[in-house]
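Below: a set of structures, written as structure tokens.
Here come two complexes built around chain A, the first alongside chain B, the second alongside chain C.
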Partner chain A sequence: MLLEVKNVKTEFKMKKGMVKAVNDVSFQCEKGEILAIVGESGSGKSVTSLSIMGLLARNAKVTEGEILFKGENLLDKSASEMRAIRGNQISMIFQEPMTSLNPVLRIGDQLTESIILHMKLSKQEAMQRAVEMLELVGIPSPSQRVKDYPHQMSGGMRQRVMIAMALACNPELLIADEPTTALDVTIQAQILDIIYRLREKLGMAVLLITHDLGVVAEAADRVVVMYCGKVVEEAKVEELFEKPLHPYTMGLLASIPRADEDKEKLYMIKGMVPNPMNMPAGCAFSDRCEKCMSICKEQEPAIREKDGRKVRCHLYTNDLEVIH
Partner chain B sequence: MAVNNEVLLEINHLSKHFTVEKNFFGKPTKVLKAVDDVSFKIYKQEAFGLVGESGCGKTTIGKMLANVYAPTSGEIIYNGVDLGKLSQKERRAYCKDIQLVFQDPYASLNPRMTIGDIIAEPIHINKLLPAHEIEKRVLYLLNCVGLASHQRNRYPHEFSGGQRQRVGIARALAVEPKLIVCDEPVSALDVSIQAQVLNLLVDLKEEFGLTYLFIAHGLNVVKHISDRVGVMYLGKLQELAEKHELYDHPLHPYTKALLSSTPVIDPKLKRNKERILLKGDVPSPINPPQGCRFSTRCYVGKLEACDKQCPEIIDVTGNKHYVACHKQVQ
Partner chain C sequence: MIKYIIKRLLLLIPVLLGVSIIIFAIMRVFSPDPAGIVLGQHATEEKMVEWRAANGLDQPVVTQYVEYMKGVFKGDFGTSYYSKKPVAKEIFSRFPATLELAFCAIIIASVFGMSLGVLSAVKKNSWIDNMSMVLSLVGVSMPIFWLGILLIIFFSGTLGWLPAQGRIETLLRPENVTGFYLIDSLIKGNMESFSSAVRHLVLPSIALAMYSMAIIARMTRSTMLETLSQDYIRTARAKGIVERKVIRKHALSNALIPIVTVIGIQLGSLMGGAVLTETVFAWPGIGKYTVEAIMKSDFPIVQGVVLLVAFIFVMMNLVVDIIYAFLDPRIKYS
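Here is the complex of A and B:
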């Protein structure tokens, strides 16, 4: 197993008290797998990825659990040990291609920085590697482009530069946090295609963090659905879209407009995500759930698991049979 | 969704050019053609969708209709009146009829006004109601968009994105408009909230007999809400048809690529789907390609005319399916 996240809790210290952004999250990711983490804003998907990278804000801390990367707990690593892993074995693509690049450095200098640091190459060799990487992600005339500044490139090109940077040291795990959200559809298709091809070619695993179920359906092998800091469902992508188990997943799938269907009205999940300072008792989704039972308001459901398929809901028995 | 045959709004050869750079004598040397010679009609009580990628000019069209920008050339004919020929004073009478709903619900509401005051402001400005009746109207509008009367005195920061978008819609409705230009009204919202706002827009359209110009980049969302859809690329309208016709039988290579790039919500379909991946980026609108705007990224074998002459948008099937492509004419 490449990455194992076990019972991780990440808490933020706020003026009004502690907020659990990630609450007892566990999942695994194998070598060469594309695992999608889906959820709406505030579900804790980005905080999960930052916890793995050790890039949490100062007021946040992983208070419980383990993050095992190739069997070693990343939470025990010192800052300098993490620096050796970050950008080398694990790298990350951020959401905003417009703001994640340094505006006053040339593309080539930004690309070679991590190559020189991790691969111990000379400046010329690193520049050559940078040009190769830009070519790999489909940037035309890369040897001229390395001299450009970020503002000279379009959004899609900057995102490709980010990918090139993340992949420069052949990482074993790529964390992509909303890699296509800020981009147009035709560029999104290009970027997803690049990630998909590089996975095949380099055999890296990808943790794809997104709110877009369309992107999940296109790219992922397995899916983890998060709601309010918890994993509510986990399944293979085909299973999830064919037969979602958790009422939240069902609602999400029913509420997106689809090109292949004609509906006068979309399904609506009523209400909105609860305030993390003021969570409902029992199941976090109970206030919005159509199938809410009395037990849901009292007791937090445990994860039920069968053949790698997981759901956190009182509707199911431990064998994932529906309780009537 | 009944489509009326009465034309509410017609735009003819509408263009908007922005001057990016001037020389010493004030003569423009660099011109950005945001919208270039676009014509279409919007019928009464229909929802007209406009799709395209960023920078294609769809928002600029919406802003020209709402009198935010003055067109460089071309006509906007609303209910038989050419709005461009009116003085600004006369023009203002029509502003009331065409209202905007903006994309970013966080930036489009004044943070220092209560939501009740935000909704009341356009009624005050247009002097639509005597002062003592305004409050009643505000509460009615709040209820229309699914907010509670007791929330009237709260400030925008107390609301979530979806609720703020409802306030934005209520503000647009306040002056009893005929046409609402919805500029990406749901793209900043979470998936579960998107459905709520889309359903609200559909309900309001029925209830008030509204006409929508629905601008968005998500093809699925546009298909859901619109009756007819226009596709724009680099300031030009490339294809226009009834939505089923357009989505099932796209003719323009760009429309085909857009449709094939849109993720399908079915993991089983993705593997046997033939995908058209466009190469490169959208060219700069300051220096667009000669001839057909799409010619630099077109993947269908080129004709000589493609590089030289910009294709006219014409009805090729006789079925009100308009397309601007040299290959369709042959």
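Here is the complex of A and C:
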């Protein structure tokens, strides 16, 4: 197993007290697999990825759990050990290609930085590698483009540069945090295609964080659905789309517009994500759930597993076995 | 770029015209009659009329101004009422002293101000941050002359380490080449004068630097805090770069524009002469000289200095704008 996230809790220190952004999250990611983490804003998916990278904001901390990367707990690593892993074995691309590149440094400088650092290449060799990487992500005339500044490139091109930068040191795990959200639909498809293609070619695993189920359907092997800092469902991508178990997942799927259906109005999950300072007792989704039962308001459901699928819902209390 | 610079230089003309009109008017409206001061209180009325006529002050103000500007365009800024020497000569014999002090002060202010600001931003809300912000608050609020006097009492009086007054020991004054004693003594290879010049510079530079340092530290802190929260800083950290390099290479280079702006403005105002510092340390610069000229209604000197200061400010702004283009590739002048 490449990555095992075990019962991780990440808390933010706020003026009003501690807020659990990630609450007992567990999942695993195998070598070469594309694992999607899906959820609304505030579901804790980005915080989960930053917890893995060790790049949490100063007021945030992983308070419980383990993050095992190739069997070693990343939470036990020192700052310098983490630096040797970041950008080398685990790398990350971000949502905003427009602001994720340093505006005053040339593309080539930004690309070679991690190559020189982790691969111990000379400046010329690193630049050569940078050009190769740009070519790999489909940037035309890469040997010229390394001299460009970010503002001379479009959003799609910048995201390609980000991918090239992330993959430059042959990472084993790529964390892609909403890599296509800020891009046009046509560019989205290209970027996903690049990630998909390079996964095949380079064999790295991808943790694809997104709120877009279209992206999930297109690229992922397996899906983890998060809601309010908890995993509510986990399944293979085909299974999830075919038969979602959790009412939240059902709602998400139902709210996707479909070209083959002529609906007057799109489906909408009623209500709002609860305030993390004031979570409902019992199941966090209970206030919005169409299948809410009286037990849901009282008792928090545990994750249950059956046939490689996991779900956190009282609907399945009887036919699935409790795993923790 | 060159076109832009020329355009900006052309803008100097209206600025200098405006400034010259204002200072010309102010001097003639608010200053006491120079004839009375130059000739002393026992001068007869005839003598005073005669003196005014000789210096063109009997003419209508507009005529005086036109005559003055005619001279200015020919490079003649008039002569001092007292020394009878050309204004340009009087000013430029004192200007290097002011510049030398201003440059030393701005270097101290920039180095310490930026270091404190960066440190504060990186260690936000720690005791280091609190200490350096208290220090910069003190720097902004402490009157320069008082700080100057404290420095003199302690370093020059109690400890006796450094001289309290003047630019250099008189006997060690280097031969005049640039007017900058540090440079002149180095040109002649005279280390004794060099060290004397340095020792004389220390206290006034520190006193003068304090305020600018505080302003620079605050500006650096706030822009660094903003820059450190940018996405590209997270990207840099995600690459596994050491924090020191993240701060220096990725954050500071992006935070420099507002910092350079503040440094430019501070340097501009320091070059206009530091009246209080020059007075406390008996520094023979332009600030003290100008105040004396104002007191004595020496119109040509005051006008000349004000024009020079306006010119310096416009040039400083231009230089800062040009530096922007080097700091940020997105800024292009065309």
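Note that the second predicted complex is superposed on the first by the 316 of 324 C-alpha atoms of A that agree within 3 Å, B and C clash if a C-alpha of one lies under 4 Å from a C-alpha of the other, contacts with A are read in each partner's own complex, and residues count from 1 in each chain.
In this section, a residue touches a chain if its C-beta (ideal position, glycine included) is under 8 Å from a C-beta of that chain, and two chains touch if they have at least 3 such contacts.
The shown structure was predicted, so the numbers you read here are calculated from the model rather than taken from an experiment.
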Exercise for review: With the two complexes overlaid on their shared chain, look at chain A and say whether chain B and chain C clash or fit.
Suggested key: fit
Check your understanding: Which partner, once the models are overlaid, touches more of chain A's residues, chain C or chain B?
Key -> B
Check your understanding: In the superposed arrangement, which partner chain does A:151 touch: chain B (first), chain C (second), both, or neither?
Key -> second
Review point. Can A:105 be said to touch chain B (first), chain C (second), both, or neither?
Key: second
Exercise for review: Using the superposition on chain A described above, determine whether A:96 touches chain B (first), chain C (second), both, or neither.
Suggested key: second
Review point. With the two structures laid over each other on chain A, which partner does A:118 touch: chain B (first), chain C (second), both, or neither?
Key: second
Check your understanding: Is A:83 in contact with chain B, with chain C, with both, or with neither (first, second, both, neither)?
Key -> second
Point to revise | Minimum C-alpha spacing, chains overlaid - chain B and chain C, in Å | key: 10
Check your understanding: Across the two complexes, what residues of chain A are contacted by chain B and by chain C?
Key -> none
Point to revise | chain B residues touching chain A - in the complex, by the definition given at the top | key: 53-54, 160, 162-163, 190-196, 198-199, 202, 217-221, 223-225, 247, 257-268, 270, 275, 277-278, 280-282
Review point. Of all residues in chain A, which touch chain C in the complex?
Key: 53, 55, 80, 82-88, 91-92, 94, 96, 99-105, 113-114, 117-118, 149, 151, 162, 165-166
Exercise for review: Show which residues of chain A lie in contact with chain B when the two form their complex.
Suggested key: 40-41, 140, 154-157, 184-190, 193, 211-215, 217-218, 220, 237-238, 241-242, 251-253, 255-260, 263-269, 272-273
Review point. Once bound in the complex, which stretches of chain C touch chain A?
Key: 230-232, 234-242, 249-250, 253-254, 327-330
